[in-house]
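Next come two complexes built around subunit A: one with subunit B, the other with subunit C.
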Partner chain A sequence: MRRVTALPAWLRWPLYAGVGIFVLTLVETLDDTDRLTSASASQSMLRWGVPVLLAGLGGLFAERAGVVNIGLEGMMILGTWFGAWGAVNYGPWVGLLTGIGGGALGGLLHAVATVLFGVDHIISGVAINILAPGITRFLASEIFTGYPGGSITQSPRVPGVGHFTFPVLAGGEVGGWLSPNLLGSLGDRDWFFVSNVANLARGLLTQVSLVTIVALALVPLSTWLLWRTRFGLRLRICGEHPVAGEAQGIDVYRYKITAVTMSGGFAGLAGAFIASPELSGIYLEGQTTGRGFIGLAALIFGNWHPVGVLGGALLFGYPFGLGLRDLGGTASHSLLLVNAVALAAIAAWSLSKGRRTNAAVACVLAVVAAAWYLLSETVPDWWVNILPFAIVLLVLVFFAQRLRMPAADGQRYRRGEH
Partner chain B sequence: MPYAIELTGITKRFPGVVANEQVSLAVEVGEIHAICGENGAGKSTLMKILYGMQPADEGAIRVFDKEVHLGSPTDAIAAGIGMVHQHFMLADQLTVLENVILGAEPTRSAGRIDFARARAHLREVGQAYGLTVDPDDRVETLEVGERQRVEIIKVLFRGARILILDEPTAVLVPQEVEELFRNLRGLKSAGTTIIFIDHKLDEVLEVADTITVLRQGRSVATVKPGDVTAPDLAELMIGSELPTAQTIGVTVTDEVALEVKGLTVVEEDGRVVVDDVSLRVRRGEVLGIAGVEGNGQAELIAAIIGTAAATAGTILFLGEDVTHATVRHRREAGIGYIPHDRHREGLLLQAPLWESAALGHQTRAPFAKGLFVDRAGARERTEWVRREFDVRTPSVEVATHALSGGNQQKLIVGRELAAEPAVLLAAHPTRGIDVGAQAAVWDDMRAARAAGLATLLVSADLDELIGLSDTIAVMMRGRLVAMLDPATLTARELGAHMTGAGVRGDSR
Partner chain C sequence: MSALRRLVLALAAPAAAVGFALVTSSLILLLIGSNPLVAYGDMLEHASKLETLVDILNRATPLYVSGIAVAIAFRMNLFNIGVEGQFLLAFLVAAHAGSLVSLPAALHIAFILVVAMSVGAAYAGAAGVLKVTRGVNEVISTIMLNAIAVSGLVAWLIKEWQAGGSIGTGTTTRVGTAPIDESGLLPDLNGVLELVTRDLRPGKELTGVLVLALVVGVVYHVLVNRTVFGFDLRASGFNPFAARVGGVPPKRMIILAMSISGAVAGLVGMAELMQSGYFPSNPIQGLGYAGIAVALLGRNHPVGIAFGALIFAFLDVSSGVLQFSGAAPREIVVIMQGVIILAAVVAYEMAHRARNREEARSAAAALHEARAEA
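So, the complex of A and B:
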């Protein structure tokens, strides 16, 4: 019974997206706004989602190899500084590489501490999160203060890599030729749902940063690497049952260290992206604002799978992108209604599974969200910041039995102790 | 006959113990060679040395007439040696195929795994040795016997010609043991050399061509099964005669200690693993639960101790409803617990012995004084358990993982009995314990029963079930399907009941 209804992943996620857009469309109609499904909403969702996605993929590699990487935030901070430094001196592409390198150094430190010295993963991660801002401040004071426009807390302007707009579908110019804009014209029709989908799709295909394309390509690439290659299989055994790996002659330490270093590289790329003109165009102290942690939240939301991480990153990026150009807080306010609908759906689902307590809790939360929506005009700006964490809490409460973290995740592994 | 393996003068010391002392062992090509010995005699250590997992301090190893240095499992695999460990080494979440190819993956360019070739080779190996598994099953869905087959295939997959099995039958029911032995004989006729460790002497005598006995780290004898009997072997192992079992009559009283009514446990995914089970254990009674592993015994015990939630039904302990009580409350109230997986639920492997001995009793004397841990009291009690239950260890300060498998088990049994519980939930209490110590543990359990202990016993060892129980309930697909009287029951009949081949309705 259960097996028959399970959809393959490539169908499931588009289906979820479709349902989500449908709800957004309904709420828009009710609330008489067009912000929720505008092209700029999806465009900024993607922009804000990319660092979260990259951090989440970083967490994925570490945790699939059995090391919890709560130091992603610190590695991301290293990425912002090294990314900005490389880009300012040697151009945007080199900046991405130095960003990756800076993050990877943080990853290597975490790897050595946890794998070779058996330090608790959380303690080492927290130490890196404390250490990283100190290092970047020191480096900035040594180096950026000597640059025109730089200071101890910021860099000069950081150049960015190019953009790309998909011709025919989303318009733009190709060598002086003004391409048609199919999705744009569809979006202008005001057809219920269809136009909304077209607008959102156009946003995803307009002015896409080349880094974003790379980041998105990393999703199938990671899946391939982890599930289709020898490297991936051996890496995963380190997270599931390292002793079994050792017994088959696999050098568990080496794989763990490689994985955690790669993890830092992903976080570093995320940092470089944040410092790039895509999001800020400058290195600024404190600019990562906890997005490493949100990456971990995306990892849990995505059930330790790359496609799921992408889903989580976009879901968390959406309210951020929306909140950005929404100083009054009215668009975010509409999201409250979306939340209420989602919670009501969870309540119904829990009830159908016979989980009465869960259903009751979801119901109460749905009512609270709805009441908040009805009784207020705007929402405070902190609300957008806690939303990812609130969503992950809900996922943990209501879908915990569907989550499956690697069996030996976070455990200390010492060679030859068994 | 040429030798597949020749060990000469192997010595291995651990802090405070000599695990192997000048051990010599010669295994002929194509034979089934059994290794017997008490708990802590050094069997697993010797096998780990042969598999490159631990270095020997002294001695030489020759494999197929070539002197070899085995610095890691990789070396051993290259020399043609494979090992199935005492505790399975399979990742539950990976598929059978992934587990099997791990470390020996056929690849194409760029490190891509060639799944087609892997599958074909797996099928070949399976057919050649008559072992069947479905490569796409996830390991967590497999029964114990199937897991063991996966382990064996894993070894053969990388072309091993020498197969080491550490206590392969401990987790199997008799029917599965027979199947395993059929497989081993098949492997032997295909030219594979097999070394295996086993505590059940009649099994050893049935399947082995040669038997080597270890005692306190030394090899004391090498014999042929035709020349010895089981008591002879036991004597060789422990150096004296087996103690004869105590006989105590019926001690069952009228006072119900544990009562379970209509207990049902439903897993998160909707599977009903315990289905409307009702049972009653009185003071002085042992109720045995028989069944092929995976039929809900583990979940039944888990629900009674409180690590799994009961979906429906009630659990009464000395008349008190504890269905929704915490594990801690149940433990403090007087429910003892010997878990089926000692590594996962029974011990703190990295902690010193006395901490492991406090596990589950940490809130009570002699392990605690008020809010604080009573170290002196804990050490003293651990020393007592060590003495009374013959736990072989240099001191109570060593890390728990340094104990041999059987000694870890003795520690758990001792710790639970020492606390004098009113009800004991015992899952495979003597798993991995040698014959001599097993008889001693049985005596201890009988003595506790005579003193009024109510025991719920789950075991895969049918002699244990028949020998200890006052009544045996057969569990199948989550239900209790028959109640049998052990006084008139043979192991074969019980085995038939467990697999569903028994006559239904011949209950007491």
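So, the complex of A and C:
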């Protein structure tokens, strides 16, 4: 197969999104619903995507420096407790900082174990995932039980930072002036595809938490930091070929430790976000529900690149957000058809690449999804919970050749051994 | 290096880890104004009672099996992070399947165990197949399969197979799968225990799965250290390329190792199943992750894992006595477990380096001597 032209990244992702929305619109028309492309769907997608995005970015920094971080989940748990504690005592912004600090402490622990002591990355990560819930439970039993409304398993209400609605585009009020709502009026027109895009865009621009804006800003910021600065270049050398870095006079240990600590900070911010009113408004034991692992999944889905991580986070946030407002399971049911279409597309793509087995497997899965769609009225609530994990497994099965992790990722490195 | 020195080095690391955990938790307890000595005293005093020992053994049994499951994969440098999902799924399916049939006792028990092991083996084997055919790292795939099992398959099947009812005389309500007939349950070991000590307080029983766990430990030891398969397994873990050159089929070994690991993982839930007779709607969780910790602590050695399981079980059971006596917050034991495991892996790594240095030194000395003689 000859590649005609490769699209630049800034064009490729919007194109993927456009195709995705188009499929959603088609399915919506077929299924006679308006849930899939409503403003609230994209709003909750963003809200649920943010923790996954932040955890994924955390994983990105660690793995780009060559340290696998499956302790993200534990660091996120630390973030929920410290975030809630800081927010309850000193206000929402401080809460974000303490959340970052709590996660970064976990990251530092992982860094010291893996980099200085050479412990296997997976083992250290597992140990941190075991330690972190113990620490938060202990801290909660010591501190939150003394607060009104607090207990071993939960904190008092956590205050949140403000929201922002983009004027002109999505309406809202600016100093008493009622702004027009361009996207809203466009969305009400019922124009095929155009209105759907407008609705989804309006959801992304309405009542956006300031933390969400920060989190989204971290995507280009991470790209710039990792690919456009000296710091980033050196950090990536540590993940690709640490011995070469050493030969260049780079202090590999320092870069790895910095990267993994930053990684923990990202995961901690994700935890603080989960505890903030954006998602829960309270610290609750066990509230991360494996989202650190989903962040890891987003990292793999995004091929170790910030924009890809964002794509993965939104993709995983979408069914969660949809499933949450969908107690009857009808909207998630429509998703089955989307799954079938996506799998059929994978089958066609595999066939065009001459991968017959892949095509057959994808075809069978597509038929299963389609049959399930046709034979049922609703889907159970667990379906959206496993969708992110299933998607990543499928991506790994079908696109493993297109994924490239940092060359020295997960390997032990000791100074002066080579 | 002498065998004694080797043993001292091997034991020094876990001892140091436990010591470090004691120091850390003592400092924490002092910081919050509790007396660590009183707390430890309470824990030890409580643990010397027969009933508590039974509790510890009951708790250690599934931990041990879980640790062995993880260790089998570890011996081949494979990480089976998914024991949690494998055991929950196997537990659920075995409980349901066991409740559907009625067979003579031995057959019934064997049937349940075979179902549990098959489910675990199939689910873990899937990760092996993915690794072999698609090159998917087993850490990633077991994490994903774990989540799919725990929040997907188990959540779904428990709703499908839910059967309300009551236990025994009907005072306690049971929420979970339909109960298994008495013939499918392993008898408890109270009789054996009474032979050597005294009668247990009514309501307490020592799980019969303990025997099964010991069998699993022995089989693990024999399989890994005394069979060709075990040799191939260790060789593949030590140096996959050399093993391949030596005629060990790497793909088959990966699938086999993962499947066996999963089969053992399938037995983790049996301790609870054989006692209660059904899969509860809120089953015990975290045994899979704790198994990883226990396997690490025990250095994949059948006896070491037993010690690891006993330490973790002792700490788990002690949290109850701390709450009762009020000497310290019970949550301190979870921190101790976490610190022990983290300190242990660091200590093992340091011991490993110390051993390497020592070997290098003694080799250099021997070389020097040989030269001087020549």
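The working rule: the second predicted complex is superposed on the first by the 414 of 418 C-alpha atoms of A that agree within 3 Å, B and C clash if a C-alpha of one lies under 4 Å from a C-alpha of the other, contacts with A are read in each partner's own complex, and residues count from 1 in each chain.
Please note the rule applied: contacts are C-beta pairs under 8 Å (C-beta built on N, C-alpha and C of every residue); 3 or more make two chains touch, one makes a residue touch a chain.
Source: prediction; values computed, not measured.
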item: Contacts of A:Leu233 with subunit B and subunit C, given as first, second, both or neither; value: first
item: Most subunit A residues touched (candidates subunit B, subunit C); value: C
item: First (subunit B), second (subunit C), both or neither touched by A:Gly162; value: neither
item: Partner chain(s) touched by A:Ala407 [first = subunit B, second = subunit C, both, neither]; value: first
item: Partner chain in contact with A:Pro14 - subunit B first, subunit C second, else both or neither; value: neither
item: Residues of subunit A contacting subunit B in one complex and subunit C in the other; value: none
item: Contacting residues of subunit B [partner subunit A, same complex]; value: 51, 53-54, 72-74, 77, 83, 85, 89-94, 98-99, 101-105, 107, 110-113, 154, 268-270, 349-350, 401
item: Residue numbers on subunit A that touch subunit C, as the complex places them; value: 68, 70, 109, 113, 117-120, 122-124, 126-135, 137-138, 141-142, 152, 289-290, 293, 296-297, 300, 380, 382-383, 385-386, 389-390, 392-393, 396-397, 400
item: Residue numbers on subunit C that touch subunit A, as the complex places them; value: 28, 32, 79, 81, 130, 134-136, 139-141, 143-145, 147-148, 151-152, 155-156, 159, 289-290, 292-293, 296, 329-332, 334-335, 337-339, 341-342, 345-346, 349-350, 353
item: Footprint of subunit B on subunit A - complex, ascending; value: 2, 228-231, 233-234, 236-237, 240-241, 243-250, 401, 404, 406-407, 416-418
